[in-house]
Amino acid sequence: MFEYALSVMIFLPILSGLVLLLSPVSKGAARLVGFLVSVVILLLGVEIFLGFTGTGGMEYVQNRPWVESLGISYGLGVDGISLLVLMAATVLFPMVFSVLKTQSKGYYANLLITQGAMIGAICATDLVLFYIFWEIMLLPIFFMIGLYGGENRLSATLKITIYTIAGSLLMLAALIYVGVSYHAQFGKWTFDIVQLAALDLSGGWAILAFIMFMIAFAIKTPLFPFHTWLPDAYTEAPTAATFVLSAIMAKIGVYGVIRFVVPVFEIEFARFAILLSLAGVTGMIYCGLAAISQKDMKRMLAFSSASHMGIIALGVFCMNVQALTGTLFQIAAHATSTGVLFLFVGLMEERMKTRDIDDLGGIAYKAPIFATFFAITMLASVGLPGTSGFIGEFLIILGAIKFNAFIGVLAGTALVIGVCYMLWMFQRVFFEKSNARTVEFQDLSTSELLTFLPVILLIVAMGIFPQAFIKKIEPAAQQQVAKVFAMTQAQVADTKVPNPGHNNHKN
Amino acid sequence: MIQDYLTLSVILFCIGILGVISRRNVFTVFMSIELMLNAANLAFIAFSRLHESMDGHVLAMMVMAVAAAECALGLAVVILLHKHKGNLDTNVFSLLKG
Amino acid sequence: MHDFMSLLPLIIIGSGAILLMLLAAFEKIEVELAAYISMAIFGIGFVVQLLVGCGDQTVLFEKVFNGMLVSSNFTMIAGLIILGCGFFTAMCSHTYFKINQFCTLEFYSMMLFGACGMLLLSLSQELITAFIALEIMSLAIYILVGYDRTNVTSTEAILKYLMLGAFAGAFFTMGTALIYGGAASTKFADISTSIVDGSASHALMIGGAFLLFVALLFKVAAIPFHAWVIDVYEGAPTPVTGFMATALKTAVFAVFANFLALNDSLHGDWVTFLFYISVFTMFGGNLIAIGQNNLKRMLAASGIVHSGYLLIALVAISAEHFTGSVIGYYLAAYAVGTMGMFAALSYLGGKGEERMNFDDFKGLAKVRPYSAAAIAVFLLSMAGIPPTAGFMAKFYVITSAITAGHMALAVLGVVSSILSMWYYLRLIINMYFHDSEETFETSGSPLASAATFVLVFCVFAIGIYPIVI
Amino acid sequence: MEHTANYIGLIPLFPLIGALVLGLMHMLTCTNEKPLSEKLYGTLACIGPVLSFFLALVVFFHLKGLPAPERFLTHDAFTWFAVGDLHVNMGFLADPLSSLMLLFVTFIGSLIHIYSVGYMSEDQNFGKFFAYLNLFLGSMLILVLGSGPVVMFVGWEGVGLCSYLLISFYSEDTDNVLAGNKAFIVNRIGDLGFVLGMSFLFWAIGSGGFDYLSLKENAHNLTPTIGIVVCLLLFVGACGKSAQIPLYVWLPDAMAGPTPVSALIHAATMVTAGVYMVARFSFIYAHVPFAGSIVAWVGILTALLAAIFGMFQRDIKKILAYSTVSQLGYMFAGVGIAAYSAGIFHVFTHAFFKALLFLGAGSVIYALHHEQDIWKMGGLKEKLPKTYGCMVIGALALAGVPPFSGFFSKDEILFSALASGHTGIWFIGVLVAGMTAYYTFRMIFVVFHGTPRDQESFDHAHEPPSVMTLPLIILAIGAAFTGVLNLPGIFGGSLAVSHWLAPSLTEHHPHVSAWLEFFGIVASVAAVAVGLTIAYKKFGKGADEPEYTGFAKFGFNKFYVDEIYNAILVQPYKAFGAVISRFIEPNVTDIHVKFSTWLYKKAGSAFKSFQVGYIRVYAIYMIIGLSLMSLFLSQSIN
Amino acid sequence: MIAEGLFTAFSVLAVLGALGLVLFRHPMQGAMSLVVTMISLAGLYALLSAKLIFVLQLIVYAGAIMSLILFIIMFLNIQNEDLPNEPKHFYYFLGGLILLLPVGSFLIKVVKCVPGVEATIVGNGFGGVKEVGLVLFQDWLLPFEIVSILLLVALVGSVVLAGSKRRLSK
């Protein structure tokens, strides 16, 4: 009975969001609807997670031809690569609805639409379908930032929107190129990623297409140096939008690379892997350094999120199963930790009307529960063992060492850099003397406590029993890496391509 | 010798263009366009002489008809302009720009 | 019989035009009624066109018209678009002329005559017929543009359009002459055969086609023949602008494609030429649109950009098996979006088109959320954001370009649509992210708004069910 | 070869459960008007450690019951994560080495819990303190029991976290929090080394299973270069955790925490984790003596440096802190020269006497109401006789005066250095022994002898409650007599501990003449005696703080190492961050956005200005295009 | 022989007339010179033995259309002062010439490519009314028909634009 689960998960939120937008209901009702819908999605998501067998293939597949003349089909499916991203997109949303109480109708409606679109982008197995959802999921963000954002929200929303659309339009050309060259090689039209993987591309246009794909995903992720929209957007955006952007949308950028770029462009990918991984590491260090000198908590978290995305992306480029699995795991882990952190900051802003670190202090004495939750989340995001953050980062660093010792060592510095700014912030906000502003700080109410508790538990559980997740995603990663390796080996056999991925076949 | 006719028609055509781009007087511009149409007609006739088929003549007649229609409309517009500004300078009519 | 059937829409429109003209001559009816009548005529024409359908490439009345009219799927699509645009234009005009009082009955008959010319143009397979049809269309449009005789700007608009249009027409005739000289005939079929058997003089074909294209490119406002379009769009009454922007462009592109597709070697000669033209058109159009503050001017410029995309499609057509599906689909998508914009403008514009600038629409979403949403949808469709029709159209165009081996053209097209993003979003930002100074009170009939929302539906319908392909 | 014993998984579990319970209780009730009673907290807090201690005893005897080569108890709780060849089990390994650590960690841990019940009374965060303490003990036990490097790393980071939390326990005071941050960050730098070391180790020999026993089997596949890299990286981790050059700077500041914490974490257990780790990886270090000697030299130099600093400190806890660093240096010297058992044995004894000294110092501080400056104390021996006695024993042990425990363990190390030909290390070791004796008894004399320097606080001073003195006494006994556990042959002993540890270590005992051994003992004893006498001469009768001049001033300011680090690391880091976010981000990275926006606007206005509105000009545009095209086309026709 | 002479004469006249049209300041003179051009064109048509077109050129063009234009010029009675004064129009003329050089050379290059065969003697009926009429009504029926629509549009249009003000709809 769950074969249509994915379609429901995609279109239920979108439609209900549209209905909310078009119908004159009160904000309370809108919030209720949003909450219920997101809970339904959550349940479906959990069902999918439990029912997922993890054999490395697509599951919950749906495939309907849509435009026969070009072989575009309405194809959905989940595999180990998309599973955890899907979880991130499904599990966290009810929290948002239950925490953010006092927002307008459009706020909740946009949230729903963007959730549906993101789930669509995650589950799509057809390039064109993916692209469509990929574009749709940006629009609600555009409106949310523009309507409910901070003071210079207009420039922020323009920047993120045009920047991202520019990237994705380039991707459009690239993906059409892929489809056309498939037609040229196999004589039939298809945009189904599984079949497109059979393609082998070469020549200047292929490299150009690869670069265009990578630019699109690099902008979304964001990968250094395409991250410059991020601080403004994250800072100006309303809490929920920041949450969505940081927790899920950024991950879809990385996911896109794994799902659509790697299978099609193995050769180019292997060729550029070093460069890309350098970009990832550079971004990680750069943004980590930038974070240390931020006054605004949200901005600091924005930079920290960018920094983590750098290392997550790095895991993709290392092309061995440890790093790839680490990335897939870290996607979920970082989604939980960063998302919750941004929500916490939103809470603090709601209560104290400021995000400026200098105005805060001594919250821990007033709000031990809040402080504890914040601390756990923070420790997860700096990758302390026993929390979700450690497994992913460890696997990525491990893989990076294998891929290239130098890059691995650089990646390792993530352990230190993250701690520096986080502790500094934690000290200034939660310790030290409490001031007039923070002395009335209210601890989490019961409802908020009940909202956050499951996620906190999830963070810890993912740290202690990661195998439950890893054993579902690992086969897919295994296959992916094996395939890339095979292709690059074949390439190495005839042409001498400098190819860093050529010695990690067995793991 | 057909070439001479055609060359002449080209020359006339170019002079017509010249009139359009170098004059600001509405009438002159109109008549230059008429001149261009005439050049085209000459080419038609010359070609039909070359091909010894009379299609060219028919085409020329059609062009004449079109020219007449355009001319009628054009003159109506000229009258309208004159009502508005009492002046036939095309540069006067440049409110729409930028 | 079938020939007659496929001519039927044309006949309906023509006779409707003449009917309205007579009614106007005797001033028997009110303008509203005329609007309804013309809507009815367009509607019937549309339905008939839809019912007639038609197979591929049938020469109509071979004996009588001796192969000057040919109908095909492509012409049917073009006809549908033209008639649909006419229908919606009539709806908009009804509202528009409730607000602005300078309409007489001839307006609608002129519109029908124009549509008649367009249909002829899309069907015609012979140069002089095409020329006459072009002139019918243009003359009718000239008159509609300058319809408000009391208004100096619209008079200026008609002057510019008429003069430059006649100028371009002269090129068309000269081109026809040269082609006639080259191929000893002006019928597409004969031209094609004479090209094939090599009896046609290559140089004359080149020169003639060149001058011909100058005229056609002028009509579709390709750079560098674009300059008139912006002023004329601004000067013309809003519904007329919509009609020009959509139906006229459809007809001209129909004949353009028919002519290019008549022979492969002919098309081959012009690929490079059109390549550069389309690139310049796309980018120049964008750069013009950036600076505009008036919505109609911006839409005119964006129309230039879309002509650029259509030129890409022209570059990519293959004369062997020409279906024109890409061009048809793009025209349909573009027509729906643009028509919708003008429909919305024609009832939001207010008396004397007082609200035509970007800043006049600040905070529209707060006051009239649904209209704002509709406009946003149209803009997104023009910008090519899924799941609207504009996206699929862009998708098909780029696909055809790459399939034809013009990857560079595809990339440039994509880049230009990046450039176009800003001025579309600008209006959305004005509508949504600012507070409203005024209450957008609009008098007039609800027809235009009805048209707007129907068109919103069409945008999504065409986008999600691209049946045309 | 190894046996499974599921109960060893429980050992770390008890304190962890205790931590969870206490933490929840505190978190949920601390904002109430009246917090829960300290009795409740105290008893709950002490249950976990005590239980673990008993289980540790069980483990010990279980192992003892087995024949020596089979003394390996393992328990794989569950597969933690398995990716590709990387299989990491949440597994525990109890072998002689870990069982020894287990014993004294749980033992001393329990004692210090009990002591803290007294010491921390009337603290509003009583519950939180014990939650942290329990959490620490749990992590420490995971560290000790972990069956592989990754599991060890869990405890490794856990203890680091707890030390951060406990150092910044009095978090209202910024300095304490800063000290905590410093500790955590420096530890993190070390952990970076650990992680990288683990990664290299895995890619080298880890594919056959990533726990100690499998690694030990595959150790022979390790190429020397990779071996050196791995060893040094792991040693970086050890440096961070065990406060060796150059990462020792956090430990003195760590004294900002409550004294029991200093005793348990920063003296007895956590800081020795580095030594334990090196001993754990003895099967690798044994392969690459070069790395070992680097370890040894770093250790002994640290010992020297810390001893120098220790001689000039005025804060009683700082003195002990530097002595800890110095002793850790000894231990690393020991494990560095492949005398693992000696190093571990010193860890063992040091745990007792250093915990004793700290707790003694704690009760002094407690008695003087949180006065830590030794130059404000004096003559306390009649006020605090019990404390005084215990402290003296501890001091003797620390100074290495025979027959106290410190003497035997330290001497074992020095002797092994001598025996294995590391004469330089031995010499410095002896020197440091003398200095140790000096600064230890300087402290003792200044604090307890002479005349009170601060009469008023002297009068209020009184012996702390028995809940605090009892652990002192027990530890004193330990400090006095644990030495006999590893009596060398020359004293008719049989190196019991070394033999006990043998199965889990890879080492060989050089056989040398008894004369050499005797000479070594004499030398170190002589050095100790010299140090003692100098100390007595200077401070025995009670003296006031001398003026520090020249080298003394230099040493008093700890060679300005903190200032240097601040200047060359911390400030540049912050400045760089500021530069990036203020300048580079907007002006360099974002330049492509800015430039394209500018270009976009410019082009827009330019094209706008082309629309002049004159018909003639529009026609001219057309003709310009026309002529260009005809130029273009006239190529194509001949 | 005679034909060549006539051709030269007519073409010179035509070009002169065209130049006059472009260069004369007053539209009246321009119109007059255009008439010259048209008449000489008619002569050329005759040389090309296009009898009907010769006649039509004289009647329709030189007659009807030109007189209409002249009439309008008269009707608006343009005085010298309300003509646009175009001081620089000569420079525009030269600039235009330069601009047109490539175009003209291109077109001439094109027409040079037509086979330069001597014109054969064509049959007597060539270009006569009857023959052209037959062609017109057999082959070119459709254009002929739709031209009527075109003229209709032009008619209505000029009425709408220039006709007397009529009551606007209420």
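A, B, C, D and E label the chains in the order they appear, each numbered from 1.
We adopt the following convention: a residue touches a chain if its C-beta (ideal position, glycine included) is under 8 Å from a C-beta of that chain, and two chains touch if they have at least 3 such contacts.
Treat the numbers as computed from the prediction; the structure is a model and nothing was measured.
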Fewest touching-chain hops separating chain A from chain B: 2
Intersection of the contact lists for chain C and chain E: B, D
Most contacted chain pair (by C-beta pair count): B-E
Chain with minimal offset from the mean of all protein Cα atoms: A
Farthest chain (mean CA position) relative to chain B: D
Per Cα centroids, the chain farthest from chain E: D
Gap in Å, rounded to a whole number, between the CA centres of chain D and chain C: 78
Euclidean distance of C-alpha centroids - chain A vs chain D, Å: 37
Separation of mean Cα positions, chain E and chain D [Å, integer]: 103
Rounded Å distance, chain A centre to chain E centre (Cα mean): 71
Per-residue multi-chain contacts in chain E, two or more chains: 92, 96, 99-100, 103, 106-107, 109-111, 113-115, 139-140, 143, 147, 150, 153-154, 157, 161
For chain C, residues that touch 2 or more chains besides their own: 128, 132, 135, 139, 142-143, 146, 149, 158-160, 163, 167, 178, 181, 202-203, 206-207, 230-231, 291, 422
Contacts with 2+ other chains: residues of chain D: 608, 611, 613, 615-616, 619-620, 623-624, 626, 630, 633, 637
Pairs of chains, among all present, that meet the touch criterion: A-C, A-D, B-C, B-D, B-E, C-D, C-E, D-E
Chain D-touching residues of chain E, taken from the complex the two chains share: 92, 96, 99-103, 105-107, 109-110, 113
Chain A residues within the chain D interface of the complex: 159, 163, 224-225, 227-229, 231, 286, 289-294, 303, 320-322, 325-326, 362, 364, 366, 368-369, 372, 379, 384-386, 390-391, 394-395, 397-398, 401-402, 405, 408-409, 412-413, 415-416, 419-420, 423-424, 427, 431-433, 443, 464-467, 470-471, 474, 477-478, 506-507
Residues on chain E engaged by chain B in the complex (per definition of touch): 4, 7, 11, 14-15, 18-19, 21-22, 27, 30-31, 34, 37-38, 41, 44-45, 48-50, 52-53, 56-57, 60-61, 64-65, 68-69, 72-73, 75-76, 78, 82-84, 86, 89, 92-93, 95-97, 99-100, 103-104, 107-108, 111-112, 114-120, 122, 126-127, 131-132, 135-136, 139-140, 143-144, 147, 150-151, 153-155, 157-158, 161-162
Chain B - residues contacting chain C, complex: 6, 9, 13, 16, 20, 26, 29-30, 33, 36-37, 39-41, 43-44, 46-48, 50-51, 53, 55-56, 58-59, 62-63, 66, 69-70, 73-74, 77, 80-81, 84-85, 90, 93-98
Chain C-facing residues of chain D, complex: 600-601, 603-608, 610-611, 613, 615, 617-619, 621-622, 624-626, 629-630, 632-633, 636-638
